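Scroll down for the structure; my scribbles are underneath it.
Each chain gets a letter, A, B, C and D, in the order it is written, and its residues are counted from 1.
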Amino acid sequence: MQKIPVAILGATGAVGQRFISLLEGHPWFEVAEVVASERSAGSTYKEATNWVLDGYPPTDVTNLIVQTLEDDLTSPVVFSALPSSQAKEAEFALAQRGHVVCTNASAYRMTKDVPILLPEINAAHIELVDIQRKNYGWTTGALVTNSNCTSTPVAMSLAPLRQFRPTHVQVVSMQAVSGAGYPGVPSLDIMDNVIPFIGGEEDKLTKEPAKMLGTFNGDSVTPFDMIVSAACNRVPVLDSHLVNVAVRFAEEVTVDDLLAAWENFRGPDDVANLPSAPERPVEVAYAQDRPQPRRDRMAGNGMSAVVGRVRECHAVDGFQYLALSHNTIRGAAGCSILNAEYLVAKGYVQQQTLPNAQTIRS
Amino acid sequence: MQKIPVAILGATGAVGQRFISLLEGHPWFEVAEVVASERSAGSTYKEATNWVLDGYPPTDVTNLIVQTLEDDLTSPVVFSALPSSQAKEAEFALAQRGHVVCTNASAYRMTKDVPILLPEINAAHIELVDIQRKNYGWTTGALVTNSNCTSTPVAMSLAPLRQFRPTHVQVVSMQAVSGAGYPGVPSLDIMDNVIPFIGGEEDKLTKEPAKMLGTFNGDSVTPFDMIVSAACNRVPVLDSHLVNVAVRFAEEVTVDDLLAAWENFRGPDDVANLPSAPERPVEVAYAQDRPQPRRDRMAGNGMSAVVGRVRECHAVDGFQYLALSHNTIRGAAGCSILNAEYLVAKGYVQQQTLPNAQTIRS
Amino acid sequence: MQKIPVAILGATGAVGQRFISLLEGHPWFEVAEVVASERSAGSTYKEATNWVLDGYPPTDVTNLIVQTLEDDLTSPVVFSALPSSQAKEAEFALAQRGHVVCTNASAYRMTKDVPILLPEINAAHIELVDIQRKNYGWTTGALVTNSNCTSTPVAMSLAPLRQFRPTHVQVVSMQAVSGAGYPGVPSLDIMDNVIPFIGGEEDKLTKEPAKMLGTFNGDSVTPFDMIVSAACNRVPVLDSHLVNVAVRFAEEVTVDDLLAAWENFRGPDDVANLPSAPERPVEVAYAQDRPQPRRDRMAGNGMSAVVGRVRECHAVDGFQYLALSHNTIRGAAGCSILNAEYLVAKGYVQQQTLPNAQTIRS
Amino acid sequence: MQKIPVAILGATGAVGQRFISLLEGHPWFEVAEVVASERSAGSTYKEATNWVLDGYPPTDVTNLIVQTLEDDLTSPVVFSALPSSQAKEAEFALAQRGHVVCTNASAYRMTKDVPILLPEINAAHIELVDIQRKNYGWTTGALVTNSNCTSTPVAMSLAPLRQFRPTHVQVVSMQAVSGAGYPGVPSLDIMDNVIPFIGGEEDKLTKEPAKMLGTFNGDSVTPFDMIVSAACNRVPVLDSHLVNVAVRFAEEVTVDDLLAAWENFRGPDDVANLPSAPERPVEVAYAQDRPQPRRDRMAGNGMSAVVGRVRECHAVDGFQYLALSHNTIRGAAGCSILNAEYLVAKGYVQQQTLPNAQTIRS
């Protein structure tokens, strides 16, 4: 099978590097274009990048010449790790030009005809792409967002519990420093410390999970009917966000009901077979002191949410539990790659239609 | 003024060291006796102690000979940093012998005639000592506990809000490693990690704050009528526990009401003048990213609770805010020292009455 | 191919866990027996073990019943993660009984007829096993040690430079907390700190590298003629030891000579083809701020030493450089596994000869 | 006594903040002017500053209006925490205008008529100010630098050993993140890691200590005759730099000689009485695992160097030991304040001579 060329926007940044790292050896996709700021343009990826992940960038990417957003990209699929400010204009323009854009930026998450896609929990939202194409006259273009990294463990852990009608959800997060990108959080701020504030994050948590858990109604997504409040904290952890979720349900439910719902949850079959889909989207940790960021972040190759310590919570007349997922894999690049795989599987990606598109040699 | 001799139980451990450090240069008390396990008996304090605080132990303590619980102590005031298992028997026996015992152990906290004393917020609970003396026929003995380190910021921040009748309180803590004593938390567990479980801690939070905020009814303490749930987490921070408190009130209340209540809170005058009392028992931090453990733990010399980020919390139909206090000062040794000062000020300590009691030379 | 059953001594400890983790899916070996203290005997490995590595123990080991050193082991190959005190007696007894013992303990490292084997750099030392068998009348038994974790990057980086005759070597180490085992280094000691002392470590560095770099003379190993001094420091890093090596050579040599020696170093062919052998035993990092513990520890799957920043050092009239290797992989369990592979490849392991030996079913 | 008004250049940065923190309640100096970049000009210090030290900025500074380098300063003494690039021009101009400039910048450290002053070890170097005044026709102006933060523990620990003629010095440093200023070292780089490179630092170590230990020859400083090599590492520590020093002496010397030299070292009497002078410029730590950054950095209020673990080092045919000092106190702001005190004490500061100079009210 010939691999599908993909472009990475914001390729030199922390999330861009995670895209490139996860795409190394991907069975369907091949990094063909890397896009960064003017400053890096014309350099090789290796020259332009201060690689902050472990080891070194994959050798087949190091010699790619960095392009800018001004250049005409030819890859049918574009992964975006742009800052939200740049994403607004650039991502729409690329979809307009015919690219399937899978983005980690927040700019379009709450836009009516744009899905926040986590295919195990809201596969039907992919049909918003049809609405987009109708609304804007696109034939091949599409714009699909992944979840905010902190909303991810909240939404993934609540998805199997929708049947019990969660109505009130209080989230307290302990988030990793990689969530702030690079250079991101100064060591002088976070060593031996907690920073109990992350700009804009709490607001996202009050809105995005309800959309993610909502129902595609043929035209848009009806958000799930629940109230979410959040308190977000940065802790001295490198990767993966841990959240404490206190939740009240409208239905009568027991701890065993919740555990069974998580244990039985798998997501649709056509998602479960995708290359980046984890065996279990939600894993239950039974040890009394799990999940832990360092020890559980790579569950399902970083694509699973891990839940644990579910118990009654009288203060909210409900339950509380912990949930965790890897913020730059499941909560960012990995989710967008899974979304792109699902778009391919459902026939939304036509390789041939892009102007100047070249197939990858090899 | 001649200083009052005090003994430290568990003097070589982490909390024992904090007692010794805080008592250096104390205007009323002088460390006269240090008590540790059999293994250390007969050594000097310096030889017996692996000092884990900064710097070195105070020179006037280093040459004290370590005694054991079998020895007859002569100090009227005894500070206990014993593990709960040992505290049960030893502390009662010492009170029985006529010592005023101020303890950090949890063994007696929920005992009917023993106060959990934080004098700024529940000074009247000191009268339980009179009940003790009546119940057991003690003339000089007394047994007074300080709060659990995690309950401390919860109770201190809620105390000024009692007027608004908090009914439901959801606490999520981020706790420092020093709370586990020494050697305590292995670095292999906590570096680049969060441990979302602390044995017994959540249970204490459901019970102790209600007692601490309760009313002395002439015989015992009627607990404050509220439901507390808790989720306790260990984070890679050296000192001070940060809690997120989500709370519903029975009364109508605004953010400004809460802020005003905290700003105006001072505690009784006869407490405010004690040597270890902070100027403000509760400080309000207005920066959007405060309080932070490292930067705020020494507020009021480690004796103040610092609150911040109060805002509405729709999920609990109330408010949420952050509170922080230094776990081994306000939440342990410092609180017991303040309690002892208050006991002295209220006439509960009679220096002359102990068998073999010697006055300190100098 | 039928796999060779192996036993792990000290299987529940930190290095024991690393053995089990590295042996998951090993092409030649299969963990058949796990040995720990009396306290764990009779439990399953899962019950007996507080797993401190990431994730969970491999499922094919979790149900093995923990045995003790009193039990008769049947595995031809025994990996030992025993503390040195226990290793002294137990390891010799097991070799005496016919087992090939590959150990991480230091007890026998300086014993005349026991090799400290790193096959890429001193493959000929394996012939000390023939001397052992002659000395003690063993037919199948053997006792082979791996290097101390801090000596490892020193010896591996100096090995390709032996041709230039290093004579004086000053080592300053920055060592990870996992080197102290579990619970090991208290977080109260190491967070925001450096502990500039590690008991016994500096002494090992003055002796072991010279033996490791020495020549098998037909009867024993003639140590390499060099003087090593060391200063060992514990730093807040989870895994991998970084050393600064300042070295004077008897031969005239340039920076380029040193780089070329490292770049060209591969070790013997019959080692390079072993399952756990890295492609390059010594990797050169050219970025000015590498090697770094976190970013370089998994080089060669944790089996390579990484060197960098070589430059002149006038104070020692020579050169200085950095070297790094993963302390619990290359510097412990991984090295012993490679040693066992080499022993198999050279015909030192006879599966059939052990009393009660069973072949692994599967 | 009327306090001397002082100005702080780079007042909003990390070292600038340390100056302000250390000057709170200073008996001789009062912060009268704060200078920062254009961006902050006209704001109050509180508005302009992201305070990164613990607690909050002193209240008597928070309302000062931030000025720029373009403004005419009136304070006789100017403390500079400017980046080296800006320092070059600005500091000379200020000295030219008549200010006594005490700077943490490196720009002038190796300039012939500018001292690197640590008054306990090279008090006579202050006479370079007379040379400056002669060379440039200044009457009140002066330019005095403090040591680089990593050179500080090297020079302070070697000063008492000059009598033994150290000839070869190999330094390996483990440096705190605060040495890089704010935002400085990204947490993504340093958590669970060591960065074994600090730009320009090793070069400074080869030059500055020799000048600092040198002799004022009536015209300039004859550097001490020794060769220094260095390897500099950033470790996950907040404050204070730890160095391992391996040194060869021309004289015969023993460990006891070195210890006695340190124990007896006090510096000149007219320095020892200055407000910021520590009781002992060099403290000896005798515990086998000291000095440690966290536990020893505040020795002498952060103004002492602490040495320990001195022992023979055969590889350099000499000795090795550890030395530590607080990088932003003794190695930066605190040293410049001590230098200014010494300049006042020796009559180099004339308060009356500045154009527009105002005396502080209070």
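As a working rule, contacts are C-beta pairs under 8 Å (C-beta built on N, C-alpha and C of every residue); 3 or more make two chains touch, one makes a residue touch a chain.
Just so it is clear, the structure is predicted and the values come from calculations on it, not from any experiment.
Steps from subunit B to subunit C, minimised over paths through touching chains, total 1. Taking shared numbers over all numbers used, the subunit A to subunit B interface scores over half, which places it in the same class.
Taking the CA centroid of subunit C as reference, the farthest chain centroid is that of B. The centroid of the Cα atoms in subunit A and the matching centroid in subunit C are 40 Å apart. The mean-CA centres of subunit C and subunit D are about 44 angstrom from one another, to the nearest whole unit. Subunit A and subunit D, compared by their mean Cα positions, are separated by 48 Å.
Looking at subunit D, residues 191-192, 236, 238, 294-295 sit in touch with two or more other chains. Chain contacts in this assembly form a complete graph, since each chain touches every other chain. Within the complex formed with subunit A, the residues of subunit C that make contact are 53-55, 191-192, 294-296, 298-299. Within the complex, the subunit C residues that touch subunit D are 168-170, 172, 174, 191-197, 206, 227-229, 231, 233, 235-238, 242, 244, 246, 288-295, 308-309, 313-317, 320, 322. Here subunit D touches subunit A in the complex through residues 14, 52, 177-178, 182-192, 236, 238, going by the rule given at the top.
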